[in-house]
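Heads up, the next two complexes both have chain A, just with different partners, chain B and then chain C.
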Partner chain A sequence: MSELKVYTPGEVKEVLKLLHDKEKVRILAGGTDLLLELIKLKREGCVLIDLSRIEGLEYIEKKDEELEIGSLVTFTDIHDNPVINKYAPALAAASGQVGSVQIRNRATIGGNIAHASPAADSLPVLLAAGARIKVLNAAGAETVLVEEFLHNKDKYRNHLITAILIPVKGDNMIDFFGKVAYRRDVATARINMGVRTVYQPENGKIIKASIFLGALSKTGVRADLVEEYLTGKRVDELERERFFAALRETVDKSIPGRYSQPYKRRAICGLGDDFLQELQREGSYE
Partner chain B sequence: MSDLKYVGKSIPFKYADQKIAGDLKYVSDLSMPGMLHLKLLTAGIPRGKVKEIDTTRAEALDGVKKVYTFKNTPRRPFNGYYWYRDQEMIKDEVLLTDYVRHVGDRVAAVAAESSETAERACELIEVEYEKQEKPILDLEEALVGGDALHEKGNPFAEREFAYGDVDGLFAKTPSELIFSDKMETPKVHHAAMENHACLAYPEPQGKLTVISPCQLIFSVRLIISTLLDLPLNRVRVIKGNMGGSFGAKQETFLEPLAAFVARDLNRPVKIFFNRRESILATRTRSKILGKVKTAVSPEGKILGRDIDVIVDAGGYTSNGDIVSAAMAKKISRLYRIEHQRYHSYSVHTTTPPGGPCRGYGSPQIHALTEVNLDRAAAALGIDRVELRLKNLLHPHEKDLLGGPDIGNARIIEALEKGREEFNWTRKKKANQKSGRSGRYRRGIGVACATHVNGYYNVYPDFSGINIRFYEDGSILLNTSIHDLGTGARTIMAQIAGEVLEVDPEQITVLEGDTDRSPYDVGCHASRGTYVIGKAVQQAAVKLRELLLEETKKLAKNLPGVKPEEKLEVVIEEGRIRIGSDHYSYQEIISRIQLENQQELNVNYSYHSQANPASYGAHFVQAEVDTFTGLVEVKDYVAVHDVGQAINPLAVKTQIDGGVQMGIGMALMEEIDFDQKGYPLNTNFHDYHLINAPAMPEIRVFLIEDKEPHGPYGAKSIGEISTVPVAAAVVNAVNDALGKFLTTLPLTPPRIIDALY
Partner chain C sequence: MKINFILNDEEKTVDIQPDTRLVDLLRERFNLLSVKEGCGQGECGACTVIIDGKAVTSCLILVSQIEGSIIWTVEGLEKSGELEIFKKYFKKHGAVQCGYCTPGMVMSARALLNKNKHPDREEIRKAIAGNLCRCTGYNNIIDAITAIAEEGGFGV
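Take a look at the complex of A and B:
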């Protein structure tokens, strides 16, 4: 008979050993995604590694040009943290829109990345900022781009995410997060968007734009057409309709013929509009 | 103003503290020694004839007691809506079916030692279907397609109600004065927090007891007794604590199955649904497809109206046709319209059956007609509130369709009050100024509506009450009230307390138990306060009379009273005055028991004397994001003509909840199916309700002008509170967009689709 075994190790190395030794292992951090599967896991048999006694993964630190966030930091803590609000405001914003208050109080950023739901709210922001994660397994530590991790999830099976490293937002950057859901709160994103733009302080020209859309495919979709359109332009040179057209085209390319395409290709312009306003507020060059 | 002491006071609900602390035991919390868990296997396919069911693997599972299918359960057809003996109706449902008519249809059931085992065993049952048949989803196709789920074919019922000369009127009315709409309202899940549950257990001497969080214990008893061939005195049904119903628990289908299994295995049996089962395997708000044509004079007088409706009954008949009649009976009780016709067909589709749902057809028919009125107002250039005011009925005006007297109808005051409190004119001007441009557009909407107060003259509408004084002056009020979470018990205590001048805290109100309570037809049709409350009031009056009568007998023997002295005996402020001496109830009642050897106990049966109309006028300000199709309700005013609020807090909470349900119907709630007939949203992740952050503050105003036959002048609020909502919200969205969207709910994709 299959069974559910729960281990509650007190040290990271015990976690790594369990990850190495056991079959059908799942990690329990905040549990907000995992618990939905609990009945199934109980039935199929599973080894759960409960991280509630692991210490030292709940920190937020600024190190030079990077923010380092322990993987067990909750979304509530991220959303409320002044350092994150200053250096990664889009992540703070996205964290404030995950699930409900109760979910945000439990759910961890590490869990959000590991579970990697297509509609996860933290991912477009992390992807746009070029964030990396620290992973550990019995063989040792490794630092990997979130983007790479998401595309090679099998490779990182049986690893533990210990930290998230986010390049800080500089004074010449504009970060943005936006989400469309059918309800303002407690709803899964129909589409979400994370942006980091870098502009030249001398003339306000956008020199780099990094834009990722969520809830369109298994992993975030890079809006390369939109990036291309923005790059090299000043905010006052942007034409709304052309910008929106690039957004729509990105959606069309990602989900051609899908039932939700007609809606998402329009709704994305809502996020585009919000982003343009943010650009105008933050980036208008006088 | 009034000298009422307990009526009209916002007294917190009895048992509210237990609910909040999580101490109240719901049926799903109950456990008994030897109790088995019953789990249903629902079809999972929309339609098909069962060829074979192999239960051997399920039966072999450790802990499984027995597996049930159509082969070993009663085959007698029933209708879950059957609520009084000899009610005539189509009976086309069985406990477990061999022909699947919707995805939630009951195919098999497992009784096991644990709910997990029962669930696993269900997965081990192998059902082979002859073939998967074509689903029936589209209502217009169902009407003409010749395909049918039942013997009677599609449509299975047709109704027509008419008065005046509709054809003559439309023939002579110029086309520019005729306004037509076609409206689709969704199949909605009731979404009570508590899923369906019941517990059945055998008792000595072949008796069976069932605890059910239902709305009508005597009907549950009747159906069980009929299906299991048991006399009524061998079946006892007790109303369990309830976590909401909204009509979902007004039908009986789980109880007879649990009862059958409990008898078959001679063990207690509990069944408890999960959300998916509550969405698919219970009842829904009936979906309708309606067409309306209204003739209006250039000055805004509604001349006549012609309505055509198709009612989607789902896989089984249930009340599919009765809800249609209920819709018809609303059309002549709001506006003065001299020529009207209502025609309907009811069809079966391969979707979960429709059933009673708060408002019972009224939200649907009002959505159709109130949205249509806005079209007329726009075309004629008449303010939408003004147009309604020109046509609303006055108190005691005749219902031209021949329904019961509308009573002290105060809808005109309600609408005028709402216009003022909402700032209709100012908001309208502000919108005109901002025009219909920009990403966010604001609109305002209004809708009026009417609903019932029980069943007077149509169905049995009576209630028995037993009320008695204990010797310390406290009271037992034994009723068959079913408190659905509305505070009904508190309200009954307030009414009895007012009559008897006893603090409601001192009154215990019992809910229904078929063995111990007097008979009542059930808590539905908004009859709780209006009918049962009146019964309580009358019974309390009788008890008061009895108290005085017995006190007079006693008075002769009181110390210091001369036998020839004629004493005045009266009740004053909760005390009894005999001559110039005051006594507490306790002193007197104790003596009545000792000296008169008489219990102060009244049994009283009351049947309703009228069925006046309750009214509501709702005003909505909505903001539409034209980029994402999201709608936010910014301001909400609800005015209700309630006669007298027995408990204003209870009235306010009913309205809050009614608005929450109605906004859901307008904007997001719909059990949706793919083209093959499979459901797309069977949990609250995918089936969205309006949640607390999305709720506007509801500004409630009450018109309190007493209704002659209501207790202290009260009339209903439970259902009417949700009736105008969807129409008002849709009207606000349409106003914002300058369109007439009529396919509900107005989801973001539908709004976007209409805009681009």
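Take a look at the complex of A and C:
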């Protein structure tokens, strides 16, 4: 089998040049997704750009109303970081559910977005929070919504993700991450859900809800019916059955006729239930 | 490609194909046969080693990624004398049957003790959740690690 060409640039500008000059290039960050395809990569004669010698992409900073996370930060570091736990708790929670300890110690947030496996646990929370990413290529820098990036992956193929920008969770917001899998630990999500809701502090009315479901299609699915149902209501006005019906309908619309549809339309209600309890704990007004 | 790293407290330089997996480097070049390959997919943890203080699966790492790293395997713990306590309690609690998972379990437990000197059972369970064992049912392993943590005495 032909061997892989592996480059180990020490600077970002060398990475950009390689991305520009080479064919069939793949970026190697933590490697926990990419190296699953090692045999295929070799067979196809791919070129790897190993980022392990790039410095300066492993920071976590709060800047005004946004958290900025370097793309090479691992899920262990995200899960353990107090600033992220405070300002993006759903991301911290989701990061703690990615794979095993060994995987979380290597897998990076940038890699998770770039690889964007349908069941990636960080994606629904990033989508729900309206996160953006900074990408670079030989032509320059750009900041793009994660949602837009995921829908235009071809356009960004020869770009390097350098940072993730997440609007911080305000006091009048409730964030949620939930996941259903076959096993308690170390399992690929069968379905997962990221939510950010904004409510009016005076009366507890939900004024905005962003809900994304993962593991349903190639990219996260916006649960627009559920968002519509929640918006404008106080938590104590929510009717479980109608809320669940909207969740089920979202699943039905996304994977009509798929063998997993009956399972997933039930599983989603379990997650919905957890989320409702969270809302009631955090957002109830007497 | 030339790669420099510290393996079990010794400086090493190898000249090797950069697309070699770490598990293959350790087993084939250094004859460190405690490092097992089970799945080759990051699922079973049999190939777990410690890099820069953290447990990682060596089947999902290329040697190009380890430049400058500090790597420990069970053979290193044997050399430093630390392995004794793992042997003692794994034996006492019946935590070894076929033994295929054991080196990986030991390295995951050792990495946990770097971070958390007094883990409870739940924390131990989480720390070894990426290590599959077909034989013991895990409880004996958790008992052994609990006893090891209680005896303590690990440096970082």
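In the analysis below, the second predicted complex is superposed on the first by the 282 of 286 C-alpha atoms of A that agree within 3 Å, B and C clash if a C-alpha of one lies under 4 Å from a C-alpha of the other, contacts with A are read in each partner's own complex, and residues count from 1 in each chain.
Definition applied: contacts are C-beta pairs under 8 Å (C-beta built on N, C-alpha and C of every residue); 3 or more make two chains touch, one makes a residue touch a chain.
This one's a predicted model, so the numbers in the text were calculated from it and none came from an experiment.
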item	value
Partner chain(s) touched by A:Thr76 [first = chain B, second = chain C, both, neither]	second
Partner chain(s) touched by A:Pro262 [first = chain B, second = chain C, both, neither]	first
Which superposed partner A:Asp273 touches (first chain B, second chain C, both, neither)	first
Contacts of A:Ile103 with chain B and chain C, given as first, second, both or neither	second
First (chain B), second (chain C), both or neither touched by A:Lys40	neither
Most chain A residues touched (candidates chain B, chain C)	C
First, second, both or neither for A:Lys63, with chain B first and chain C second	neither
Overlapping contact positions on chain A, where the chain C interface meets the chain B interface	42, 185-186
Complex contacts: residues of chain A adjacent to chain B	42-43, 180, 182-188, 190, 260, 262-263, 266-267, 269-270, 273
Complex contacts: residues of chain C adjacent to chain A	1, 17-19, 21, 41-43, 45, 48, 54-57, 59-62, 64-67, 108, 111-112, 125-127, 129-131
Of all residues in chain A, those that touch chain C in their complex	3-4, 6, 8, 28, 31-32, 35-36, 38, 42, 48, 50, 52-53, 76, 99-103, 105-106, 185-186
Of chain B, residues touching chain A in the complex	116, 120, 439, 625, 627-630, 632, 668, 685, 688, 690-691, 693-694, 747-749, 752-753, 755-756
